[in-house]
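Heads up, the next two complexes both have chain A, just with different partners, chain B and then chain C.
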Partner chain A sequence: MKRAKNLYSYYMVFPALLIYSIFFVVPAIAAFYYSFTDWRLDRIDLKFVGWANFEKIFSDKTLILALKNTAIFAIVTVIGKNLIGLLLAVALNMRLKTKNLLRAIFYSPSILSILVISILFTPMLRTEGTINSLLEAVGLHSLSQAWLTNPSIVIWTIAIVSIWQSAGFQMAIYLAGLQSISQEYYEAAKIDGASSWKSFFKITLPLLLPAININLMLTLIGGLKVFSEVYVMTGGGPGNASQVVGTIILRSFGEGNWGLGTAVNTLLFVVVTIIAIPLLIFMRRKEVTE
Partner chain B sequence: MKTHKRKKAASIVLASLLSISLTACGSGGTDSGTSASSDNKNAKVTLELAISKSSQDSAFIQQDVLDEFEKQTNITVNLQLIPAEQTTTVLQTKLAVDETPDIIQYNLASAITDLNLERNFEILDNEPWASRIVNKDVLSSGGHLYSFHVSQDTGMQGVVYNKQIFEELGLSIPTNYEQFLAICEKIKASGITPVFMPYKDAWAANIWPAAAFADFTAKNDPTFFDDLNSNKRKWSDIPEFKTFLEQQYEVYTKGYTNTDVLSDSYDMAVGKFLNKEVAMMFMGDWLIEGVAEQDPSMELGVFPIPSSENASLGASPLGGQLFIPKKSKHLEEAKKFLDFIASKEIAQKIVDSKGYVSNLNDVTTPELPAYKQDIVDHYITPKKTVLTTDAYMLVDRSELYRLLQDQFAGGMTPEEVLKSWDEKFSQLMQDKGISGF
Partner chain C sequence: MGYTRKITIRNYVVEGFLILASLLVLLPLVVLILGSFKTSAEVLSFSLSLPETWQFSNYVRVFQEGGLSRAFLNSIWITGVSSIINIIASSAASFILARRETKVSGTIYMYFFMGLIAPMSIITTIRVVQGLGFYGSISSVILIYAALNTAFSVFLYSGFIKTIPRALDEVAFLEGASVFGVFFRIVTPLILPVNATVAIMVFMSVWNDITIPVYFLTDSSTWTMPLSIYNFYGKYSRDWNLIFANLVLTSLPVFILYLFGQKYIVSGLTAGAVKG
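After this line comes the complex of A and B, so read on.
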């Protein structure tokens, strides 16, 4: 009888599973297949070409540059968003009068769409834009830059804008994590004479690991999948200087190279999986329960 | 118990499969219904005309024109307005799965690269109106008429300039590069930015080379583009191309432009001209239309890109022409629609209302805006125009635009630009399956 009851629950799942399969699993598998074909908009006859698309990816200078830029962007944003988010969270977890207001202020950029933020930042980052004017007003002439048009710094600029937008969101998750830590631990540590640094590293950090875990995952996957901010601020330019994997996929589709576009997408999927899953397993092991 | 449950599960699956197949049958039934009715001569035919939403002011789809057509022929035209940013994708998909509209409005040069012109569209050489076309080039590809328009004015590309500033400073139109630099110097001395370069939009950097390359090859090397497209020669084989790219860059390095060329975008151009901040820009005459809309008192004109002595004005192969897909379900009726538009009366009406330069020999061109009249008198009538390189390229051109942008970002020399474009070009041609690559 118990077995039958179990089966019954499967009937309930079936419709959802069917819809999920039709709209997600099947296209995903199809995309995997198409990445091994020469699928093009102007040819209907598909040919299976094996690894040709992937070979093309690794022989294309622009694609290599895009992979490099994506890696830079992901690493910079993961570090930046989490470090700043954690600092803000720890600071705003203290007994400050203005903490609610400050929390709202720091969180607010992440409410806006990254598209809006990118559009707002684009004119500010011009050579004659607000940011350079501000720098000059405070006497930092040497720091003023062609933020979005200097090929060697453009990807960093975009990463900083992305950090600015999202650090408040990471802060919110860290705050939630911090508030779930019982004050008793800190009181006990205080009695034992631990410094606040020590209690941060011995109590806060370990108990915050679930939150750190989530944040690392979110920022890493988000960083590897970066598209909107690059697309709006530079469109991958100047030239190809800020191309990332996301914009390369768009470019391949635009060139009518659907097979190649899907191959880049598949590659991105594989890279994200290879990085994310071991990291997730590793971090899970480190987690402690209260 | 177990088998009972299994049966139940199986029946659910069966039922859902059945319902799916039934719906499929249902839609199949209606399909065959419509095709049957189109064979019936008494039934009313409805033509599907697909057009980008951004072209909704197009002369071809004015309601009174469509009404008149329906009155005369008992054929209705059903418009499919496609969102602008998806036009290409939607049409590509429709053509790929044979769900084609009966008539498509698109632009010729992009149709060649985006929509596989030769495979997908009817050749219109033998249509009744074809013999009356004055300028066949603007509607043709590979020696055949593929598209239709009542206007031959598809957008002219060159140096758009402010006539008033030229007059005040006593300047005349330059006929070579040295003269052009001298003019820039004088304008700069008067405190106005000589040239506006909005190269955040990479395509804008292509206006100069697209006209300069085409003008050079038309005069000195007429077989170049045929050789190029059969992989006998390469972009980097023509040393003058390098010079033309250097020239455009020099205009920037000599300080004759806005300082932030890679941050400024095309949408700022109209404002710059209205404020008289700039005197010139390498652009199409659509910019003049845009400025005139804001301030009709502005007097702008256009002259050829001064890359070499007495260059011709670049004629953009862009513009919105009508095409008939080969797989159109109502081929005859679609052609009737073109006949109707081309009829003397209707074409005259369209040409008059839009201020077009007529492309039919029995339809007279109305009084044109001054700049357009200028173009007609000085370039179109004496045949001093040249189709820009866009007309000859069979592949997506955006990588070339990016490379040009790279030149201005300091990342590439003109030589490297042409070399890299050679590589990308041959890869794109190869992907496209063009023989010789």
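After this line comes the complex of A and C, so read on.
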């Protein structure tokens, strides 16, 4: 038996291990070290500065705003993408004539680049753009807005564009989950006289947990890593109103503030891990007991 | 009778509502496609009107002035090679990790799995690539993409390889096959559908990405499609018709890939989301 195990040589793990370690893990570990230094583009001798970078992050208004925006973006997109994705999946799992066509339409934006979507929406969201003319055409003048130049709503606008793009992807995962649930459960529930609401909460949701789990993880992690949409639609503006962690890292890189930029990155790393790992463990446990 | 009738009516209501909702998805895309055939004055309304005359010349201009052929080749090369490296390395690693059920293999699996969660650290990655002496090159970007997608691919492959009976390997070993022989002759043919899933997923995410090129492709001769569009967008900010034509051209390859690979995307999502 022992011999049989050794037949599977670890050599075959090495190429993947090597590439992944050099280009992902080593930089991630190095970042922990460099976030405690005053690493700059123009200076070669590094000085260890303790928590100074992190103190700077929490005392700088723009950086705080970036953290707040990242949190808003993540929460709004997690809720929006999952709620809409789940509703679409449940509806498109019914016997509808146009179901296949509708599935394809709702999925289609998620195969496009965020860049394409962001550039497309930029002119449509202007004061004189398509969205406002549509709102005015249906009599909703009061909702008409400067979507991307009003500092108090800009991050919400970007989050809604992101939901528009990827709710269809979440829908596809929920659909895959729904289709793996055996019809027998529903038939049994019907015989017992359960309402559709009751079977949704007692059968569908619990059995959909693996799909819910993966979708929550994907949207939450994706939301915290947000960069491209903001970079393309506003560049962090107007002023600094839509800065997020991702754009702050680019800015500190451009300014040569590498130690600070790495500290922001490390903070993101820690936050994502702290939120994701317990969520992952909690969800796994829930799945097993169901 | 009453019950089925109620269901039918409910389905019509749901269907009608979904068709209305699908317009919200379709309209912006129609604005994009129609706009790419309009004149630069006509496009400025960003409306659903048909072009007065269809300007096919927009596409020709974009291709010539945007330097798209170069960017197209760069994108094909980067996405193609990084997908191939990722597929070979991840499937080989997953094969061993799925077969050896030891503490070491479990730890290595978790080590890979962390990559699904943790965000990459860009500035230190740049330093690593500089240290290795190939910052700014296409090959650095290829290796970074291969590394970034390792976690996801190992996750998909491991789940699938576990469902392949070990007895198949054992027979081959008895007949004197090496581990490479078993992997390439027995396992690889059986995991072809997962290879297709991973290839499509990695290809789509790399083709559409802009974050890595923004940081790592410093010379315009190495730019990918998305990056050259971003640059084009800055330069031709008045000519939305050309920008839209450019966006359509970039989306075309992934759209075609999607049409052919649809069933693998769905099966991949099922394997990853539901069984994983």
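Convention: the second predicted complex is superposed on the first by the 274 of 290 C-alpha atoms of A that agree within 3 Å, B and C clash if a C-alpha of one lies under 4 Å from a C-alpha of the other, contacts with A are read in each partner's own complex, and residues count from 1 in each chain.
Rule of thumb we're sticking to: a residue touches a chain if its C-beta (ideal position, glycine included) is under 8 Å from a C-beta of that chain, and two chains touch if they have at least 3 such contacts.
Quantities reported herein were computed from a predicted structural model and do not represent experimental measurements.
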Which superposed partner A:232 touches (first chain B, second chain C, both, neither): second
Residues of chain A touched, compared between chain B and chain C (which is higher): C
Touching partner for A:151 - first (chain B), second (chain C), both, neither: first
First (chain B), second (chain C), both or neither touched by A:182: neither
Which superposed partner A:7 touches (first chain B, second chain C, both, neither): both
First (chain B), second (chain C), both or neither touched by A:269: second
Chain B versus chain C as contact partner of A:106, first or second or both or neither: second
Chain B versus chain C as contact partner of A:221, first or second or both or neither: second
Partner chain(s) touched by A:254 [first = chain B, second = chain C, both, neither]: first
First, second, both or neither for A:114, with chain B first and chain C second: second
Common ground on chain A, meaning residues reached by chain C in one complex and by chain B in the other: 4, 7-8, 129
Chain A - residues contacting chain C, complex: 4-5, 7-10, 12-13, 15-17, 19-20, 22-28, 30-31, 34, 88, 91-92, 94-98, 102, 105-106, 108-109, 111-116, 119-121, 123-124, 129-130, 133, 164, 168, 172-173, 176-177, 179-180, 210-211, 214-215, 217, 221, 224-225, 227-228, 231-232, 246, 249-250, 252-253, 258, 261-262, 265-266, 268-269, 272-273, 276-277, 280
Of all residues in chain C, those that touch chain A in their complex: 11, 14-15, 17-19, 21-22, 24-26, 28-29, 31-32, 46-47, 85, 88-90, 92-93, 95-97, 99-100, 102, 104, 108, 111-112, 115-129, 132, 143-144, 146-148, 150-151, 154, 170, 173, 179-180, 183, 204, 207-211, 214-215, 226, 229-230, 233, 240, 243-244, 247, 250-251, 254-255, 258, 265-266, 269-270, 272-276
Contact set on chain B toward chain A in their complex: 1-2, 5, 8-9, 12, 16, 92, 96, 114, 116, 119, 200, 202, 259-260, 262-263, 395-396, 398-399, 402-403, 405-412, 428, 431-433
Residues of chain A defined as touching chain B within the complex: 1, 3-4, 7-8, 11, 14, 18, 38, 40-44, 126-129, 146, 148-151, 235-241, 251, 254-257, 260
